[in-house]
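Following this line, the structures themselves.
There are two complexes below, and they share subunit A, which is joined by subunit B in the first and by subunit C in the second.
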Partner chain A sequence: MSAGATHIDHIVISSNDSAATASLFAENLGIEIKRTMSRPGTRAHLEFAKLKEVILEFAGPGEVQPYDEVKAKLWGFVAAVEDIGAAIAAVRAAGFEAEEPHPAIQPGAVFATVKTGTHGVPFAFIEYNVLPVPEGS
Partner chain B sequence: MSFKKIDHIGIVVKDLDAALATYDHNLGLKAAPGRGGEVPALGIKNAFVPVGESDLEFIQPLGTEGPVATFAAERGEGTFMLSLEVDDIEAEVERLRGLGARVGNPNNGVAFVSMKSTHGVNLQLVQRNR
Partner chain C sequence: MLSKVHHVGVVVKSADEALKFYRDALGLTVTADRVIEDQGVRGVLLQIGNSEIELLEPVRDDTGVAKFLASRGEGMHHICFESDDVAKELTDAKARGVELIDQAPRPGLAGMIGFCHPKSNHGVLVEFATPIEGRH
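Entry: the complex of A and B
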């Protein structure tokens, strides 16, 4: 059994000020920020760009704390799969730990983090078109 | 914007063969035959694992010198670098410099953006099909 990853869905760049880092990438590199999201309850401020099929996600705290300098790093990535249940089962069958799939921020999608067996890479699966999408999403 | 796509994510590992076996076994992701190998000039060996239109590049340091070895010593295994494919490396470097980014001179189709221009993210530009 294999996890059957079809492509890299998104890559996460974490920052202590994600708006500032996204703005720097826009100014210095010409990367267009297409979407910004700050949802109450998520305690995160997210900004998104897209390079062909891969989303670049800038993730940081919803409330930016005082800092001396903005610090960002390449964090991890999310692989798209066609069957997240099978993907998680494959990881667990190999003896590693993965969380139960749960609704993702993306409407209709389901998400699960792989917690071990990734050689230090924060890694997760996402499957789209699993859940009903609320009107207006 | 002149970036074509995400070319690859560079991942530093301590044992290349073990990492490839793990990603194959756990995630069904297989190394591309004939790509990668030892790069003595950089003090590394590497392998590429395609995932859709992008790759994962697994990089093992072969010694104690160089940025990959330093990363492995200080942080262990993990995500190291993001690589963006461009059509024309020289033109792209000039474009980014015009935007205010600090970018090294291209060498063999590769250029690095200063981490001072990315808040610390290790960013590479690469031109394929030269």
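Entry: the complex of A and C
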């Protein structure tokens, strides 16, 4: 029994100025920032790039505070699964803790964080096309 | 041109312990597992879709990975982008003002590789890799 992770869905790069870090990655690496958003209900500012199936998510505060230097770090990543219930059951059966799935920010998707066993990596599962997608999403 | 995320590097105290989650619980397949003597690490690659997870366990105390583990603990260490020409990626990055750790490609677990200095990317360690023939 295993979680059946199909691919890395997204990798989170946290920064005290996510727009600046996304811009620097675009300039240094030639990647294209495809979308920016402020997460509803939070103060986060997010910018996104995509290489094949993997999304790079640059995450930072909505209101950037004065800083001496921009500091970013690789934060964690999210694995896509086809059955999040089965994925959670598998990691629990292996002796690790995972939260119950809940609606993700991504329309129609559900999300669950794995709490233990990831060796310092913030890690979660995401399954798409589970919930109805609101019109206009 | 960077075509995809080749892998994410994760520093761990024990690759065997980490495999209990990344291989056994997630159901990922190990594609490489060997000690890279000159880097002082045991590297384990696990395939996940078109990318991989690279577990890095220091086998000596005098390496960058060992120092990372001592100062920051386990966690994400670097991100590696695949290119069909790692030498050109390094040259182009340098021309754009990126400080390089590797001035020329060298052999690594993922193929021919080269690292940019993290201070050029706001503290994020970035690697380029051109996989060896027959591997993605």
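Methods note: the second predicted complex is superposed on the first by the 136 of 137 C-alpha atoms of A that agree within 3 Å, B and C clash if a C-alpha of one lies under 4 Å from a C-alpha of the other, contacts with A are read in each partner's own complex, and residues count from 1 in each chain.
By definition in this document, a contact is a pair of C-beta atoms (placed from the backbone, for glycine too) under 8 Å apart; a residue touches a chain by one contact, two chains touch by 3 or more.
None of the values given here were measured: they were computed from a predicted structure.
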{"item": "Clash or fit (per the criteria above) of subunit B with subunit C on subunit A", "value": "clash"}
{"item": "Contacts of A:Phe96 with subunit B and subunit C, given as first, second, both or neither", "value": "both"}
{"item": "First (subunit B), second (subunit C), both or neither touched by A:Ile33", "value": "neither"}
{"item": "Contacts of A:Ala86 with subunit B and subunit C, given as first, second, both or neither", "value": "neither"}
{"item": "Partner chain(s) touched by A:Val130 [first = subunit B, second = subunit C, both, neither]", "value": "neither"}
{"item": "First, second, both or neither for A:Glu53, with subunit B first and subunit C second", "value": "both"}
{"item": "Those residues of subunit A which subunit B touches in one complex and subunit C touches in the other", "value": "2-8, 11, 13, 15, 20-21, 24-25, 27-31, 51-54, 56, 70-77, 79-80, 90-91, 94, 96, 117-121"}
{"item": "Residues of subunit A that touch subunit B when the two form their complex", "value": "2-8, 11, 13, 15, 20-21, 24-25, 27-32, 51-54, 56, 70-77, 79-80, 87, 90-91, 94, 96, 114, 117-122"}
{"item": "Residue ranges of subunit A in contact with subunit C within the complex", "value": "2-8, 11, 13, 15, 20-21, 24-25, 27-31, 51-54, 56, 70-77, 79-80, 90-91, 94-96, 117-121"}
{"item": "In the complex with subunit A, residue positions of subunit B that touch it", "value": "1-6, 9, 11-13, 19, 22-23, 25-29, 51-54, 58, 76-82, 84, 95-96, 99-101, 113, 117-123"}
{"item": "Contact footprint of subunit A on subunit C as seen in their complex", "value": "1-5, 8, 10-13, 17-18, 20-21, 24-28, 48-51, 53, 73-79, 81, 92-93, 96-98, 116, 120-126"}
